[in-house]
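Think of it as A, B, C and D in the order they're written, each chain with its own count starting at 1.
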Amino acid sequence: ELFMLNYENLPLIYKREPDSHKGNFGHNVVIGGSKGKMGAPVMAAYASLMAGAGLTTCAIFEDYYYYLSRYPEVMAYIVQGKDFYTLNEVNAIVDFVQDKDVLTIGCGMGRNHQIKEFLAELIDKTDHFTVIDADGLFHLDEILLEKLRYRAVLTPHIGEFARLLGVSKDEVLKDRINLAKEFAIKYGVVLVLKSADTIIATPDGLLFVVSNGVPALAKGGSGDCLAGVIGGLIAQKYSLVDAAKIGCFVMNVTASLLMEEKNEKCIKTTEVIENLYRGFNKIEAYQ
Amino acid sequence: ELFMLNYENLPLIYKREPDSHKGNFGHNVVIGGSKGKMGAPVMAAYASLMAGAGLTTCAIFEDYYYYLSRYPEVMAYIVQGKDFYTLNEVNAIVDFVQDKDVLTIGCGMGRNHQIKEFLAELIDKTDHFTVIDADGLFHLDEILLEKLRYRAVLTPHIGEFARLLGVSKDEVLKDRINLAKEFAIKYGVVLVLKSADTIIATPDGLLFVVSNGVPALAKGGSGDCLAGVIGGLIAQKYSLVDAAKIGCFVMNVTASLLMEEKNEKCIKTTEVIENLYRGFNKIEAYQ
Amino acid sequence: ELFMLNYENLPLIYKREPDSHKGNFGHNVVIGGSKGKMGAPVMAAYASLMAGAGLTTCAIFEDYYYYLSRYPEVMAYIVQGKDFYTLNEVNAIVDFVQDKDVLTIGCGMGRNHQIKEFLAELIDKTDHFTVIDADGLFHLDEILLEKLRYRAVLTPHIGEFARLLGVSKDEVLKDRINLAKEFAIKYGVVLVLKSADTIIATPDGLLFVVSNGVPALAKGGSGDCLAGVIGGLIAQKYSLVDAAKIGCFVMNVTASLLMEEKNEKCIKTTEVIENLYRGFNKIEAYQ
Amino acid sequence: ELFMLNYENLPLIYKREPDSHKGNFGHNVVIGGSKGKMGAPVMAAYASLMAGAGLTTCAIFEDYYYYLSRYPEVMAYIVQGKDFYTLNEVNAIVDFVQDKDVLTIGCGMGRNHQIKEFLAELIDKTDHFTVIDADGLFHLDEILLEKLRYRAVLTPHIGEFARLLGVSKDEVLKDRINLAKEFAIKYGVVLVLKSADTIIATPDGLLFVVSNGVPALAKGGSGDCLAGVIGGLIAQKYSLVDAAKIGCFVMNVTASLLMEEKNEKCIKTTEVIENLYRGFNKIEAYQ
């Protein structure tokens, strides 16, 4: 029950109908960022846009709105706070996302207690498909995980997963596959356990591996990009599992292509995002 | 009286005289944007610039002026307000636009009542050629439409047109062609009814169709781009109808070219704008 | 005594010594901009950078500093004022520019009386090589022109030159060549009278023509670019006349190259600036 | 004991393991900038990112945070001050950098006494590998140099080195090699004495020369880039000497490649940074 993902067994990527319009491809809302970490949600939003979401909104603090100005295609939801999210902002955001399709939460979000309160309330008051990454994972507990059942993709790396489990990184490394499988089943989430061989575990106990890690992705920003791509795919109506599979795979393919042309050390996240089309093309050529 | 637009019957695109200067190609003023939606007017202004307007000014709220910094070629008219346009700003704007050629109104403008008041006054106190898109369309009523007679291009998608007519989307879809024709005749406007097969209806009852929708345009921002291109063409002294025809066609051609090279999911509006020259080249090669 | 400039008779473009450093290529300070017109000085500064100045500083109002963030290579001199220059800023600026090589003044500077006072004082208290463009030209009078003798390049288009002379545009057009020649001799300046056939007149009565106007330059921003290039060349120790000749010529060559590849309507100033190297290469290939 | 560096004797550039992650490539913190000089640290941080550091943080003043928005991959540490660093900021920064790997200090930092106090305290309270450039060098004295023993790379140009030694530029030029060697031995630092033939002197008395100066680098920003590259390489666990060697060499190779394609006058620092991968590729092809 452990499948190696490859070009032949990836989920089919939809061809768009000639008469499709932006409403057909969903609306992904990125909720992340905190003082000094605004690049993270911006990259996630940009990745969502370039992965094909019909609309992408990035929640952004009023004082840092300029961080989005490089990507005018991304819409903004202006948050009143400044340094980080607090309970004060939660009702307005819940209201705003009501008719949206996906929430991509956590990139650069920060780790203090007020942020946890915000996140808990946000998860409680929404029932959207949700991708949770980075600092968003830091705040998860049993109660929140329960509320995310059957609607979430979690994208921890080894260290973040160890913290989620309350064990050491070594313990995770000793038994990655079973720990991932058990976690996904127990909480009913799609777990993307990122490492050189990324493991995707599903609520029904299936395991998929995206092997052949790409050293070009060993750089800050890769995780934000992946979360944004998965969120953008879910907006386009891919299932959580399929979005996770395609998202991990397309990032690896894209970064590999860049690495061949450039140099494994010198590839930045926005370049990967700009070249996602090449990853998709290579995948689609096999289908 | 329904014409399919194609490379052969598009209006002739002017060649520039060797001794032409920026004054020959007009000045388009983009008036749009509101809190969190500044990307929309910025993209419209950028599209106007790249479609060849001699000068393009984007009205922009003082606090969000940085949103234009990526496009230093676009001039700014600084609006005192912050979150949205109100009556307070209207006289200064009317004054500013007096010697300009075209107004492109509505992208990202927002929908509250104060914006409507602003828009009503702006339309009342100007007699410019005017392109109205997006939230600008939301505010139109019989009185305003009357004031726009023989000087406006309206660019609704199906949903926006349904709202203009006060009917459901389904009712529009059942009889798009006749509804568009009647509306254009009744109000004396050029109506661009956007969908996979975009219909252009003229005040004298002609109908033109730009068929073969391009799925790459099914993404937030495409409408802003189209409004900007049409405004930029009117600035260059194309008639309202010709600007609408060329604008719709050149966007489709450009996006199709990009789609062949890239991937239908992964094309962003600013890329379409940067590649408008290729659409124009392809069209001009047939002329 | 009227020479058509061509590849064969352009001034020689220096080859850099292998052991040259940034100090060899001078420091150009761009002083311009006003509320809503910050793109103009930014483009001039970027053009100076790309024309080879060792250092380029752009004076910029504190609140609009972000306008430079796209070009981190350009240094900033932060001006305390906000909407436009006033006498309050002049002493600090005079102090700052003391050890710099060239001033490029006027792009987007605005036209009110306080700006005139600032400019008059700035010209009075400096003796730098100076390029004056756009709104800077608007403020010139006999007294200021006298102070600019033998150290200035003025870059008016026909309308700006008519205003300088206090005559109509038609009167200028009837006798461009003689008017330019007389003006340059009378005031001891290098006059660049921009039009399809740009005339360069020198203090000693020589006339040079850069013919073959490039319609791609008929767009807001071209003048800012030219002023920046000329300033950047003077910083590199070209004479005022040689800088004017090379500057006008390299812009035409560059824009012509772009026009062949792209489309005359769709070329923006920053693209011309980014491609200046191709214009230089083409010129240098003839030398 | 004076070695000319060439493709054959450069330190080996590591190949990344397939299972490497961002933690393997270290975290470089850039501390620089002051009012009007924010481009310098931003370019250093961007260079660090593109030279392969796993994470790069740029300390940046709150009011100028937007200067980083073009490079969302770079993280920010927000400094409370506004115009320059003071003692008020030092404890928080010391705290922040505690678990980071490298400090790259000085680019655009400014020269007043408060900055010196800040720098002295920062050096005193940290024991990181440290690259010191530009204004950072201005503040160094015997006491600070003592504290940097065996952990610093200093990157002065001739004028900055003369000031460090308290002698004239001419005196440095008369005896560059010995002065560099003595300085490096005396203070136990790696000294990168930049000029057309850059000299790298090590604490144990070795001397390496990177010859063949590249005129394209004779422009503001080159120094910031070099400091960032060296810092980024140290983050990846290259020794101070090896980072200095590779950093100087890769910049020259990259700029030479660009100069062949473009024009020696028209190359900007961010272009060099974007093309570092080509310099690395050319070097690695010899290994």
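Definition applied: a contact is a pair of C-beta atoms (placed from the backbone, for glycine too) under 8 Å apart; a residue touches a chain by one contact, two chains touch by 3 or more.
A quick note: this is a predicted structure, and the numbers were derived from the prediction, not measured.
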Fraction-based call for chain B against chain A, same above half, different below: different
Separation of chain C from chain D, taking each centre as the mean of its C-alpha atoms, in whole Å: 34
Approximate Å spacing (C-alpha centroids) for the pair chain A, chain C: 49
In chain D, residues with contacts to at least two other chains: 66, 69-70
Overall pattern in which the protein chains touch one another (line/ring/star/complete/other): ring
Chain C-touching residues of chain D, taken from the complex the two chains share: 35-40, 42-43, 46, 64, 66-67, 69-70, 157, 195-197, 212-213, 215, 218-222, 262-270
Chain C - residues contacting chain D, complex: 15-22, 24-25, 49-56, 65-66, 68-78, 236, 276-278, 280-281, 284
